[in-house]
Amino acid sequence: MATKLLELEDVHTYYGDSHVIQGLSIYVNKGEAVSILGRNGVGKTTTLRTIAGLTPLRRGTVRIGGKDTGHWPTHRIVKETHVAYVPAERNVFPGLSVKENLKIGEQPPMNGSSGSRWTLDMVYEYFPILKERHLQDGSTLSGGEQQMLVIGRALMGNPEIMLLDEPSQGLAPIVVAKVAEIVKQLCALHGLTLVVVEQNFRVSYKLAQRHYLMDLKGQIKRSLTNEEWAANEDIVKKHLSIDDGCVEKKDSECRQVPAPSEAPSGAAPGGPGAVSK
Amino acid sequence: MRKGLAVCISVLLVLTMMPLRPAVAADPIKIGVVVTLTGMAAQLGIDNRNGILLAAKHKGTILGRPIQIITEDDEGQSETGIRKAEKLVFKDKVVALSGVTVANVGQAIAGEADRLNVPFLTTNVMTPKFYGLHPLVFRCGQVADDQMTVAQVMGILKDPDLMKRSWYVLADDYAWGHSCAEEFIKLATEKGIKIKNPTYDNAALNLVDWSPFVSKIISAEVGGVYACLRSPVAPRFVQQAADFGLMEKVKIIGGTPSEAALEAAGESVVGLIGTCCWTWDIDTPKSKAFAEAYWKEFKEVPPSQGAQAYTGAFVLFNAIEKAGGTDPKKIAEALKGATFEGPYGEVRISPKDNCMRTPVKVVVAERAPKNPFGAKIIKKVVASLTPEEVGPAE
Amino acid sequence: MIQICLNCLLLSALLLLISIGLNIIYGISRVVNLAHGSLYALGAYFGYSMVSYGVNFYAALLLAPLLAGLCGVVLERLIIEPIRHRDMTYTLILTYGLSVFIDGMFKFIWSDKVQFIQMPSSLRGTLNLFGVHYPNYRLFVLAATVCVILGLLALLEKTKLGMIMRAASTIPEMVSALGVNMKLVHMGVFGLGCVLAGIGGVIAGPLLSVYPMMGSEMLLSCFVVLVIGGLGSLRGAILASLLVGTAQTLGFVFLTDFAMVIVYLMMAVILLFMPKGLLAEGKFD
């Protein structure tokens, strides 16, 4: 039986007086990759921030690796449970070189963790471009490179769980595919547990094995496995109101949404084919 | 931090308890003392106050009544000075005001003389504006600016070595500095003393680094510097000049800093020439007695300011006694022409302008010989000037 | 000529030394510490007491700033940390109050007298530099400032701690998301700023004398340097110190008090047209 590495129970979070997450309960098993799907502003980012302790938990419990971390300060959560938060805005530190941006994430692996210890060289192996640019100011990198940099920075902390917020945001499709491929590999090879929030369906579908459909105020409408998604594309589509969504969304974003006939049904669930064109 | 708080709280407690103290004796003669106890001039203010307190102690009683000195801090501000003077006169009912460390406060209080309607005898304000200012306003203790300038010029005239040097004039950039420099240049030129820069240099008031002027003085190749700098500032200039090795070649004349400032500046002020009415170098019985008494009372190097304030206060006490009561007009009458034989000889208040005539010493800061006060620096007397030499004429 | 240049450099060095702490505290923690001048004075007073009790000047130069830094850390914990999440106005008012309190304490503990820290005899006298005699102590001040700034740069550029500080000056939240306790960083930075102020105090002590208001008087010049160089910019601070130091040194001789007017004008122009300072590196949120 799988152990729950991350568990949220009846979580309530506020921004000032506005009650943003109202009773959220989700869990992620060790080694599992889970995505959260939802329209803009439903509270996906806030969920990740709550887990990382960046937005204070008002009520409910957050358990990571069996520890009740709900009211811990961020640095303690990160240090003791090895959660790595990779925000959508990436937060590359300007003024620090690429190498420094990586080194600042350095942390010894968690006691009793099995995986090998991450080093600068290992990160460079995954992202050769970072090695090439290691002396350059991190903020001068392109969007895709920055995304790689912040993933690399997270890896330097030898994470057990990675919270990945919109990794494809603002990236060209080809770069998106590349980033997704690498993350997929990381999960497979290093037993990383992943929580990903992603607007781009293909990426979500590819990276995660299970998906939470989140509605306004952080309410979970339902949870789907990849197989269930493949069988019920409409549910996801309707949940995200893709049709009316497209009226507001930029054309490019719409095109990334799979047509009912194509992926994910056409590809083996979870297989790389789901993203390839 | 906690200790600081504890100190603070205990001070507050002491302050709040003070009014509860029972009066020592009935119906004392109250004298109000306004001095500057905050900021750069605080040292002078402290010396002033101490001198007056010591005078009160030595005088003991006036007309059989104990003397009560009430001290207020004017913080060097005219408005505060007036407020404190009003408080002393109208609330505490003092019969006379004394002290006052800085000129602006002195002038402000003198300006209110009619309203305050008590005799006001300053022991330290040096502005010539006090000559004949008001029937109730007097100066006794410290000399006036013009008297100091005369004494400094006399000091040069009396020393052949100083006489043959040419002088560089440096002044604080405000009214007092300007008039001080101009008076000196005028008088010195009359007496045949060479002035290198008759248009003199002005130093900004908030100057911290004097090196630009020191450099100018060095390149001007003069033998002397006449510095019209406020006394709290002067040691800083001298110290920095000394760093540059200026003191070996150049003589500096200026208003002499307080004893405490000289001690703080140490060795580097050696050679600084100034003038004062009293220094513990004066070897007369009265002078020795004062120095010892001051040391015993306050455990500080007996300061010029202290002796001057002591003298002024004594003259005031004697005048109240002579007036036979606390009537302002009668006290003022008694002050006119009053004389007193004190630590620095006989002083007299001129009936013409209500200001003091006194002997003045030209002094040089030197390493002190072994002395009971543990002083490192002594103001050594190099010339004595009579009241007639110093003036002004009556 | 050499002497004039050295004079300009010296004032610049002092300004830099005293303002640099203010600069890094703002740069990294976004705290405008109006008590910075008082901590500079505190360092000077600690140094004064130590030296007058016979402690070696160089030892005092090391110990007094550390003590000032310790006081800074305590103050940060007690006063600034609890209101960190509030509006900046709170810190401004509170640190202003703090400076008044500290200045007042000086009078209680050390009295209002103007004091000098006795300079070590090894630094008395002058050195012949290309035919110009320049006081050893002033040359020492220059050298010490260069050392302090180089040390600070090495700390910031070459150590993990420095990396964290630089990162914290940009996206503090992300730094804590990497497992760093930002409270400790803020505390450490405040302490470091106070140590630097303390060094400035001890070094200035034999030159500019020690008195209760010395810090508040200095604070203004520090702010001028801070604004001209750009809030939180180290390189800007160096440039601005040179500029202000030179302008003041030359200005005070030729224009007396008008020199300050020029400096303030410079500040106003920079505030209006280049709010990020001369090098446009300032950190305005």
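Order as written gives the chain letters A, B and C; numbering starts at 1 within each chain.
Rule of thumb we're sticking to: a contact is a pair of C-beta atoms (placed from the backbone, for glycine too) under 8 Å apart; a residue touches a chain by one contact, two chains touch by 3 or more.
On a predicted model such as this, the values are computed, not experimentally measured, just so you know.
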Min distance from chain CA centroid to global CA centroid: chain C
Top of the farthest list for subunit C, CA-centroid basis, is A
So the centre of each chain is just the mean of its C-alpha atoms; given that, what is the distance between subunit B and subunit C in Å?
36
How far is the middle of subunit A from the middle of subunit B, if each middle is the mean of its Cα atoms, in Å?
78
Cα centre of subunit A to Cα centre of subunit C, whole Å, reads 44
Touching two or more other chains, which residues of subunit B qualify?
none
Complex contact set, residues of subunit A against subunit C
52, 54, 73-76, 78-79, 85, 87, 91, 93-96, 100, 103-107, 153, 157
Per the touch rule above, subunit C residues touching subunit B in the complex are 3-4, 6-7, 10-11, 14, 71, 74-75, 78, 105, 107-109, 111-116, 118, 124-126, 133-135, 137-138, 206-209, 211, 213, 217-218, 248-250, 252-253, 256-257, 259-260
Subunit C touches which residues of subunit B in the complex?
1, 4, 7-8, 11, 37-40, 42-43, 46, 173, 201-209, 211-213, 215-216, 218-219, 232, 235-236, 239-240, 243-245, 260-261, 264-266
Under the touch definition given earlier, write down the residues of subunit C that touch subunit A in their complex.
160, 163-164, 166-167, 169-171, 173-182
